[in-house]
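For reference, the structures are reproduced in the following blocks.
In the two complexes that follow, chain A is the common piece, with chain B as its partner first and chain C second.
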Partner chain A sequence: MNTVRWKRYGLSYLFLLPSFLFIAVFLYYPVILAFFHSFTDWNLVQSKWTGLHNFRTMFGDSSFRTGAVNQVIYTLTDVVKAIVFPLIAAELIFLIGGPRIKYTFRTGFILPMLLPGIVTILLWQNIYDPNNGLLNQLLTLAGLESWTHAWLGEDGTALWAIVFYNFPFIAGLPFLIFYAAIGNMSQVQIVAARIDGANGWQVFTRIHLPFLVPQFKVVTILTIIGSLQDFVKIMVMTGGGPGVAPSNPAMIMYNAAFGSSQYGYGSAIGVSLFLVILALTLFNMKFLKTDY
Partner chain B sequence: MNVRQKTALLLASSLAVASLSACSGSNGNGNASSSASDAGASPSVSASGTASASAGEPKAKKTIVFSTITNYYTAGLQLAAEDYQKLHPETTVKIDIVSDNTTYQTSFQAKMAAGGDDAPDIVHANLLGDTPANNVKKGYILKLNDFVKAPNAYNNGTTLYDGINGDYWPYAYTAEGDIFMLPFDLVGTGFYYNKDLFAKAGITETPTTWEDLFADLQKLKDQKIIPLSMSQATGSDYEGWMVGAFEDWANRPLIPDILVQPGDARNTPEVEAINGKVKYDPNDPFFDIGAVVDAERIMALWKSGKYDAQGPAEQKIWSTLKQLSTYLQPGYATMKDADAYQLFISGKAAAYWNGSWQVGQILKDQQSLGDKGFEWGTFKFPGFKEADPNFPGDPRGILVPGHQLAVTAKKDADTVARAEDFLQFLYSPEEAQKVFTTTIEAGQFVQGPSLVKGVTLPDVVNSYLDGFKVAGNMNGSIGQIANGNPAAEPNATAEGKSLELQYYNDKITLEQFLQKKAEFTKKTNEKFIADNKFDLDPKTNP
Partner chain C sequence: MTARLSKWAGSAVLVALLVATLVPFFLLIYFSFKDQIEILVDFWGLPSALKWENYSAAWDAVKASIGHSLYVCFVTVLGAVLLGSLSGFVFARHRFPLRGLLYLMLIGVMMIPSLLNIVPLYAIINNLGFTNSYLGLILPYIAGTQLLGIMLCRTFYESLPQELSEAARIDGGGEFYVYSRIALPLSLPILVTVAIVTFLAVYSDYLWPFIVLSQEHQTFTMAAVGLNRSGRTDIGLSFAAYIVGSVPTILLILFGMKYYIEGMVTGAVKA
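What follows is the complex of A and B.
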């Protein structure tokens, strides 16, 4: 760096340095360690090189395979939930008249973002409670007692109960992203389309959707990352049970590392998740190509 | 003398002073496992038995940390810490309350792996995430052999060994014959029941056999009452205690086979002294008290096929447990114990399976309920109506010291000495009595009867604890020959539970379940054998 640049930007670099050092020490270094330890039998005290053993164990483990299939379901449904429902909500609010009503609805959808996630999870755990839960009580009131279940306690329903957690799935961040993008659309195009005879559906599918592709890309990537990393709601709502019915790889990774000190095996699962996220992200970027 | 020489001299002098002061803080022989008297922290005892600090105490202020779990004697321990600090202003005892067992285990192992400086000084030996023997071997907790034999100035010179109920000392030994913990109280498992709901269903006597229990549970079910609440969720799968009790019952004659024996690589004179007394007798439920089990022998016994893991005993165990599952609350497979307890205390479930440590909580909740409270009692794990040769003698359950206090192996001998001194104070009859009384008054968990001699509990509490005094303590390891997962790995536990639930939910037959369980046992036991490099010859040390 020449003297002029150093004089001009030196202070900025200095301010950036501590943050970068923290990121390097507490994020990049553990990630590199995890890559290394995924090839070892590591219990925090001793580490022994075992080559691909952890990865072979992982793919040979029937629980992991169940978890992987579950993860596909979680991720696909998470992506659908993160795109479809917030988009519908954003479109509807955009369409309704009156800034005050728009503001009220917008605030109503965003306010739940302020709630700690754990509160929402516990709330839904209570909704699903087989003895006192809202869902079973509503079904009983409607005369559908035979439809009641121990939603989180039966292996046929536990996974889907977790999938339907937070219905109607209008997550604050995707909603905001879509709403902001729709608000920024050029009204000239839409008015021109209307003059040419386009109906509402055609405006939505031919103008709105293509315009929102970059937003779909961002939301999809963020959702995939979040979905593959998430095991908190499974852990809190069901403890991973019944059996392995709703389990996912992140849950198995947590159990291996922190439940039986198999940090090497846990690292192998973590590395695999990282590679899957990377591959899906690259695929997503290529598939949903945009000019910007 | 030039500046450099002066600096060197100053540095050397400083180092010498520092070394001397460090020595004065220890007993001088580098043995961290010193007794309180060695460390010069022993109090003198007045005629009334109260202790006061002696002139030889270390003057420096220091904090020792007693790590415990939420609600377990926390109010009582806090009081003991305050009482101790009145006697020893130079030592602050911090009662560090950890929220759950998993955090406790993970935190301790991580802190010790990092050198141990930040680890607590007094810990629960049974919550450390590894076997006591391994924790001693790894240098995480101390051998207390000398400490328990040292006179306790807070108890008129009576040693801890003599001041604690002698029946339960055998549980305090590692496989190498070292004492690793101090027993504080006794815990047991059993059924709580709502007398009002039982009476409403026409049940006048508590069941003593499985047949009677099922008949009673059916009567309750007919009344649209949840017959029994029991958690089988991950982390609180209390059905495991029943499985353990059944396996112990069915396999009891084989227990001598899994004990360390003369000629074994892991045998020591101390172990031989304990295990040498073990003679199997179906009518003596205490025949193996404190016996030291050998993990390699368990695996060798499993491999020998001496026990038919798909035979009549297993069929009876699992069909009984399946029948019991039909009387459990909906959602039992993932319902946490706190929620299962809520069903019982709110009068929705007629019975509740748990341990004696819940008595304090129920007493407190009954007080809070006032007029809405109910009469309650306890009863034991039942037997079978007809004698079955596959299940000799009476069933046993959990009946072991609950609070098992150990001392962390810290490098600082003075800290260790202070921790040991506090333990001597805590185990004095007066202070232990205060801990129990305060705990009950605060509505916290008194886990069971005190093992400190001289401590008494109110009659009402004792009457509730009766249901937990089962016929002896089950051997918790023998079940590995039938159910595997000797390392208790959470992922394997979930897999095993999954099989069980498939059977309970009629997705597989009993035969299929036992077949799959045998395969699961093979997989997990083989892995355990490989991980531990066992050659299945206990005479050789792998």
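What follows is the complex of A and C.
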């Protein structure tokens, strides 16, 4: 009897084996490697134990400090961008809309999501182009030629050009989340408030905003986690320069590893970012729990 | 009166936001028909004639890379669907020691930010000799993308009546028979969902192909970035190439939307 049962167990484990092989080799093993090699000098083949040297280098490195400050700017603006504009768009659609107008606007706002992300990045790189870019051409057309810049190439503007990438920041998941939540709101309270003489602004601030708190939390934490890891647009549009002006720590990690073959140092930055993300996630889980 | 006024103001703001959102989209289409010289000399002017040659040149420039991307996508989707449904089936229908722990071990992987693994994963791919090979993309992609399939399929297979598989067993079918002939066909909508999500993620990825592959094996995303960098920048040609390369994602989203939503709804309702 027992052997029969273990034969069946064996079949279950056999069926699961492929999945576990894949995650073991390509997901768990890299994590172990990353942690181990964050304490080494590593050229992918050989490594030398250097203790905390990589982490000391990181905190002593002025480029990394610039990157960390940039990251704070990116993350704060990313959260504002993910909430303010998508929320305004979703609210306005419900304010003005009959069903057809709603559908048209919603579809219009998510239309850019049809394109692969890299195409949107390349389009914005073109918009910021000093000669043939839409932004400078618009400024010239408006007689503001003196305001034109090589937006992605100058120390003072590169970071902000990245921040304003994809303005007005609506096409994306937060917009769909807010749109769905507002569409699902119960109308009873709103009608009651209206009868009591509440105006549109009061309905928005007293009923909509409190109702949307769970959505704000989800969007905020997803945005923060995404923001800490996102460097592809920085890499494609600027390569991380001039200097490290628009770089964030993830970009510096990439350039350390794949630009100057400092794989150990890159791992140390990766591990540090992972710990920050983990702390934020745990903080958020606890934060969410106390509220419900 | 104020209500109507605010409605008008709201509409104006909304239209302005929509136009701003769609500007890059319009720019993409507009310049794809314009000659490079015309863009340089007369940025705002209408093209003297629609330059369809941009598209034929763009097709020549990116067709190979689109083929590479599609190949990687198809193999990854196949792997993700097979592994996802097989493991989802086992977790839903089998009882065995450590079942809960093993499932947690799979799902816990989602807590690992992809950023952490970029450097060490490259080392692994390098040591396996898969740099500049599509396996260097496909294998790690399957590892990550199977997870959605496992979760969705598990939920779905748990909802299937036990009698279905009992009947098959009485007819003499083994476990694999139950999986391949009963569970797999029934879960087709779920698998289409998994396939679409996986395809879109893999097709759009730029970073990992850029790290692993050389130029002669480049994917579409690499080719798109390359067009912008090669020094011979022809904006019209580049933009036409972006459009050509976006056709697979556009088609998939437009025609797959029904399945995509259906699959999601089925998965959620049956849960």
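The working rule: the second predicted complex is superposed on the first by the 257 of 292 C-alpha atoms of A that agree within 3 Å, B and C clash if a C-alpha of one lies under 4 Å from a C-alpha of the other, contacts with A are read in each partner's own complex, and residues count from 1 in each chain.
The rule we apply is simple: a residue touches a chain if its C-beta (ideal position, glycine included) is under 8 Å from a C-beta of that chain, and two chains touch if they have at least 3 such contacts.
This one's a predicted model, so the numbers in the text were calculated from it and none came from an experiment.
Residue contacts after overlaying the shared chain place A:F258 against chain B and chain C alike.
Contact with chain B, but none with chain C, is seen for A:L152 once the two complexes are overlaid on the shared chain. When the two complexes are overlaid on their common chain A, residue A:T77 makes contact with neither chain B nor chain C. When the two complexes are overlaid on their common chain A, residue A:V244 makes contact with chain B while staying clear of chain C. Look at A:N284: by the touch rule set out above, it reaches neither chain B nor chain C. By the touch criterion defined above, A:L44 lies against chain B and chain C together after alignment on the C-alpha atoms of chain A. Residue contacts after overlaying the shared chain place A:S63 against chain B, while chain C stays out of touching range. After overlaying the two complexes on the shared chain, residue contacts for A:P130 are found with chain B alone; chain C is out of touch.
In the superposed model, C is the one of chain B and chain C that contacts more residues of chain A. Once both structures are placed on chain A, chain A residues 44-45, 131, 258 are touched by chain B and, in the other complex, by chain C. Only residues 44-45, 61-63, 129-131, 149-155, 158, 237-245, 247, 252, 255-256, 258-262 of chain A touch chain B when the two sit together in their complex. Contacts from chain C toward chain A in the complex involve residues 3, 6-7, 10-11, 13-14, 17-18, 20-25, 27-28, 39-40, 43-44, 83, 86-87, 89-90, 94, 96-97, 102, 105-106, 109, 111-124, 126-127, 139-140, 142-144, 146, 150, 175, 179, 203-204, 206-207, 211, 220-221, 224-225, 228, 235, 238, 242, 245-246, 249-250, 253-254.
Of all residues in chain B, only 102, 106, 109-110, 113, 129, 138, 226, 232-235, 329-336, 339, 343, 348, 487-491, 494-495, 497-502, 505 touch chain A in the complex they form. Only residues 8-9, 11-13, 15-16, 18-20, 22-23, 25-31, 33-34, 37, 42, 44-45, 85, 88-89, 92-93, 95-96, 105, 108-109, 111-120, 122-127, 131-132, 134, 137, 141, 167-168, 170-171, 200, 225, 228-229, 232, 235-236, 250, 253-254, 257-258, 263, 266-267, 270-271, 273-274, 277-278, 281 of chain A touch chain C when the two sit together in their complex.
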